[in-house]
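Following this message is one structure expressed as structure tokens.
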Amino acid sequence: MKRIGIGIVGGGYMGKAHAVAMSAVGAVFDTPLRPVLEMVAASTPESAARYRDAFGFRQGTADWRDLVAAPEVEAVVIASPQATHRPIAEAAFALGKPVFCEKPLGASLSDARAMVAAARDSGCVNMVGFNYVRTPATQFARRLIAGGEIGDLVWFRGEHTEDFYADPAAPASWRTEGEANGTMGDLAPHMINAALALAGPITSVMAQIDTVHTDRGGVAVTNDDQAQMMCRFASGASGHLFFSRVAHGRKMGYAYEITGTKGAIRFDQEDQNALWLYRAEGPEAGRGFTKILTGPAHPDYAAFCQGPGHGTGYQDQIIIEARDFLAAIASGKAIWPTFEDGLAVSEIVAAARSSHAARAWTDLRSFQE
Amino acid sequence: MKRIGIGIVGGGYMGKAHAVAMSAVGAVFDTPLRPVLEMVAASTPESAARYRDAFGFRQGTADWRDLVAAPEVEAVVIASPQATHRPIAEAAFALGKPVFCEKPLGASLSDARAMVAAARDSGCVNMVGFNYVRTPATQFARRLIAGGEIGDLVWFRGEHTEDFYADPAAPASWRTEGEANGTMGDLAPHMINAALALAGPITSVMAQIDTVHTDRGGVAVTNDDQAQMMCRFASGASGHLFFSRVAHGRKMGYAYEITGTKGAIRFDQEDQNALWLYRAEGPEAGRGFTKILTGPAHPDYAAFCQGPGHGTGYQDQIIIEARDFLAAIASGKAIWPTFEDGLAVSEIVAAARSSHAARAWTDLRSFQE
Amino acid sequence: MKRIGIGIVGGGYMGKAHAVAMSAVGAVFDTPLRPVLEMVAASTPESAARYRDAFGFRQGTADWRDLVAAPEVEAVVIASPQATHRPIAEAAFALGKPVFCEKPLGASLSDARAMVAAARDSGCVNMVGFNYVRTPATQFARRLIAGGEIGDLVWFRGEHTEDFYADPAAPASWRTEGEANGTMGDLAPHMINAALALAGPITSVMAQIDTVHTDRGGVAVTNDDQAQMMCRFASGASGHLFFSRVAHGRKMGYAYEITGTKGAIRFDQEDQNALWLYRAEGPEAGRGFTKILTGPAHPDYAAFCQGPGHGTGYQDQIIIEARDFLAAIASGKAIWPTFEDGLAVSEIVAAARSSHAARAWTDLRSFQE
Amino acid sequence: MKRIGIGIVGGGYMGKAHAVAMSAVGAVFDTPLRPVLEMVAASTPESAARYRDAFGFRQGTADWRDLVAAPEVEAVVIASPQATHRPIAEAAFALGKPVFCEKPLGASLSDARAMVAAARDSGCVNMVGFNYVRTPATQFARRLIAGGEIGDLVWFRGEHTEDFYADPAAPASWRTEGEANGTMGDLAPHMINAALALAGPITSVMAQIDTVHTDRGGVAVTNDDQAQMMCRFASGASGHLFFSRVAHGRKMGYAYEITGTKGAIRFDQEDQNALWLYRAEGPEAGRGFTKILTGPAHPDYAAFCQGPGHGTGYQDQIIIEARDFLAAIASGKAIWPTFEDGLAVSEIVAAARSSHAARAWTDLRSFQE
């Protein structure tokens, strides 16, 4: 089987996840290419060497430019801080290399736009790491909606809530500094992408963005703790999105409730192997939400286990991403979500910030080129 | 024991509930007064006679004025259409009779204001029928919050969602006509009252109100199917409220999620005997939402059953209301929620309608006299 | 409407529940008779007077014989300790009065047999207080099974678990003395009755009965804390029943799981307004347990509330019993569950005790006359 | 890092799972050895070649003897039918190679005994594939119990229920033939192992084993569809185990409920990222089962994800097994569960079969050498 050299920029949380995924994907799926962990880039030679050994890369480097330039690196995975996404992607595209970029696409709307342009100009395969839409349950939800199973949508409620900064006594850190690391910058993109994937384009938003704890241990907090927005979809449906890093009790509150004219869907990532489906069919006495456990009958599940209800987890989503990235490279055809999809998310983030500042409904068209 | 003659205006859904409650309350609770079902008023002599016999009243009348005027009717329960609330209450107060009025207080903000004024001028006991805040679980939630158990509130999400009009093919009816019968008029008051009871005063709102199905069987729908509002509480917390009669799968979706700096609370009326409490205490490994089943340790439960987890239901909430109404009459002191509390809800409904029309954040002060 | 004088023996937990039920039932349901609370019997004149005033009886007595004999008492509800069930019932039947008896039918199998004989000889209406099978959810489950919705049964698992004696430091009391007050005597009858009602006759049992805490504060415990039995149904299905008063965390763990050849049903009284139904129908990808919230489409719900999902509670089950008892009296025809049904439960309790002693499978026929 | 050549016998369901696990484990965990997929053995040269290519092995063979004998295969994973477990393990041990064997240890009690003897004689590292006890939740449950958090155990209820043969019309197959492939042979070992791991040794059992559908499409079914057993633990606790392949609606019903004198634990593999813990502590009003979502604070979770609630899945359990097997090999010290633990399970299976045949309580000592 044809091999492909993979370079991963970043060896932290997401860098490791991608290294594991690239190690496992060939055995899990019938991939057209077999990935080889060629090089990892990190911030120091020491960390690069550590990641290389820990994850099984052939080489490590403290300079991502080396990684991008290395001929044996044939595809680049960007799992480094947001501000670095754009230059790395641009450099890779300039060399004709496919790029997988962690969400959000860039640290700003202008970065995202530039990255889409660079991708388009290069003709290279590109993809954004919105892993949560890859669970069998959410893929299945997407199919159900696309197939009209719950009719025309009338309402979408989504949230991405966690509690890692819920303790008011938690000290300031890099996470409490800079727009990109706040709730809108860091958590919102996942659920905005889900909203777009499940309910279609958003045409206007009305947002409220809050810093709940403005001071942490004497250090000023310069980004947001929680944010909400009402929105209108192109379909006419209305919706609400909520994001929080101070939501006590929520560990991975990536959840949505979608209502259509024929039924409804509910999902919560904290129980990611179940999808709740209501169909307005049959006798009233028998109606209710059905808790569907994912299994081989649902997208991408069977590769992980032949038995239903046995469950997939976080890491498996990244493996599915890796499968898609390799397939896109092999075919030369982009696979959703591409950089354009990432840009659509960035536009909404920008529109929400603008809406909050203006305290007014904001039309997305002002943020689309 | 001293007896008190009760007159109930209306014999439908809520009229029956109050008739049952007044029949049972004396045996359930140790009440200072024993209610006697004196008279029921309905729209025709036939229905009045039917309700009289079915529920065990001594008399029936087709004119609520007779009921209010009858000397043997010593307290009046209003369970008739919204537009009738004001004249009935005013007539009763004029005769010095205590009034229990179903929610919402009146059909409009001006009605609500007039009713508060009439109550105040008369010095009579008055109360509004926000029954859902009477469940042992929600009463307990209120105590937990008031006692600081989850710290300072940072977020409140509430909804009241049902699906009785979710079918697009359902024909028009009185429910699809007139502001008072729409979602904002009919469903919103319950959850707005809960928000105020649990999280304190709201200072501004930003609302979006939708008629999803504008035509039903060739008849124009003149009120709203779903509505949402973002809000700011006086405490600084932010929040979101959602109301819908087209929410497929939701039968009694009176639900809230409240986050504080020390914990969180979740509740859903569809499982009204459980309250979910998260406390940010103890080792991380042991934290999670605790599903607390209501029992004798919680407010008003023990009167219904000595065993925990045995459960109270819808009708029991009305019995608790009856107990409070009788206690208020006996003591001459108002018991929450009074007409003033009902007015606070009406102010928010009015502010939300105004916000929707203006597409702007709206300050509650403009709606408070 | 014709009135009927009710006498209730016992004013504690269940006596109160029946007093409330008799007060409310006429307003809740369209009953053929309107009950009047004539007399309550208690153990002392003081408690009798207290119950009389608290629950609204016309008279109180410290001797149940007075109650049974009083001409104005036209029907008798027995809610006193198990050992008193038989003499009270026999006395009432001797006077031709209908009897409602709290579960279990008698304190022993011979008591139960004598009570059935007395009922039969008198020709009087008789009924046993297995209230939990009266919830809309469990009535609906019974209909589903009878209607073949889940096919032929293959497995029944039931439990009745509570934790009121789970604390090893809890002191001894009347509850820890005597067979009748142990888990097999006190808790088991409810779920055994449910098993029979839902899955049909049991033909053999194999039981294990345990006293977990043999000493409480220096006092010997003379009855059982937990018990289990495997069983075989006449249908060929097998099953398991478990009972416990030491099951930490279980407050009202009356729960069952029933599997058939076409589907399955699950229920837990701690969430009594939901029934979970699995149907092996339609595409695999859409299958799962459907959480059906009870509503007007289910048995006896609509009388309590016109809206689905609003919920009934413990007290409402007793009201449903009262409705059935009154209907049986009016028609002169027994309504399930009769004393014969109560006897069937007593036979299983006796067989289980025998099986435990013999450490052997025990045939029910040995316990049936 | 030192490499170790892995040979896997079997390329089906479990063979693939182990191939994926060995591919990923080095990146997920800090392992002392880095596994290399040397050889896969299958039933034909074609399937061996297919597995080799699909999973990334260097070689494939149709004869497991070649695999065991190959010097580059330094450790053997047995994922082939039960009847082959013993000869493969014996051959590997004879060559001094560590063996990981899928559950159950052998196809019979005598096989299991022989395998334990062979392991002991060889001094080689050995381990059994009871993967479900490896979830972070169940590992945590084990720690909680061992740490006395729920006190002395009084009750253990476990089940392993699935519905892959629930349809009476499903045709016969190899699964409906032979003791080893029935419910007791195939499903029971997992939950028996969990019972032992969580609640300690079992001293006696009383079993009932059923073939529900004795004929499938005209072919006689020669093994069991469902089975139950009551049991007594050495601790004095009693318990119940249930196994079924005809449990409609259950997809992966590996579930347990454990009650102690100070609390209780509940778990269901269908929601494997949650453990429910009840502690009899603090005010009654605040007690309930806490739904703990697994996270980095729980065993082995952090290697998969730094965020709590993000979830692990089926495949991750196998990766944890691989980590333990490699650690055992590196240290030369057995890691639980060893072949001796597998034998303990086989003894209980044998005792249960004997109990069923004798319709009597059966002492485990008769099955222990």
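Which chain is which? They are A, B, C and D, in the order written, and residues in each are numbered from 1.
Everything that follows uses one rule, which is that contacts are C-beta pairs under 8 Å (C-beta built on N, C-alpha and C of every residue); 3 or more make two chains touch, one makes a residue touch a chain.
From a predicted model like this one, the values you see are computed outputs, not experimental measurements.
A.B. asks: More C-beta contacts across A-C or across B-C?
C.D. replies: B-C
A.B. asks: Matching C-D on over half of contact pairs, by residue number: which of A-D, B-D or A-B?
C.D. replies: A-B
A.B. asks: What whole-number Å value describes the gap between the mean CA coordinates of chain A and chain B?
C.D. replies: The answer is 41 Å.
A.B. asks: Express in whole angstrom the distance between the two chain centres, defined as the mean CA positions of chain A and chain C.
C.D. replies: Centre-to-centre distance between chain A and chain C: 54 Å.
A.B. asks: Between chain B and chain C, what is the separation of their C-alpha centroids in Å?
C.D. replies: About 34 Å, centre to centre.
A.B. asks: Two or more other chains touching the same residue: where does that happen in chain A?
C.D. replies: In chain A, the residues touching two or more other chains are 250, 274, 287-289, 293, 295.
A.B. asks: In the complex, go through chain A and note every residue touching chain C.
C.D. replies: 140, 274, 277, 283-293, 295, 297-298
A.B. asks: Using the touch rule from the top, collect the residues of chain C that touch chain B in their complex.
C.D. replies: Touch residues, chain C against chain B: 1, 13, 16-17, 19-20, 23-24, 26-28, 30, 34, 37, 53-56, 162, 164, 250-253, 269-274, 293, 295, 304-316.
A.B. asks: Would you mind writing out the residues of chain A in touch with chain B in their complex?
C.D. replies: 150, 154-155, 157, 163, 166-168, 206, 208, 210, 212, 225-226, 228, 230, 232, 238, 240, 242, 244, 246-250, 259-264, 266, 278, 280, 287-289, 359-361
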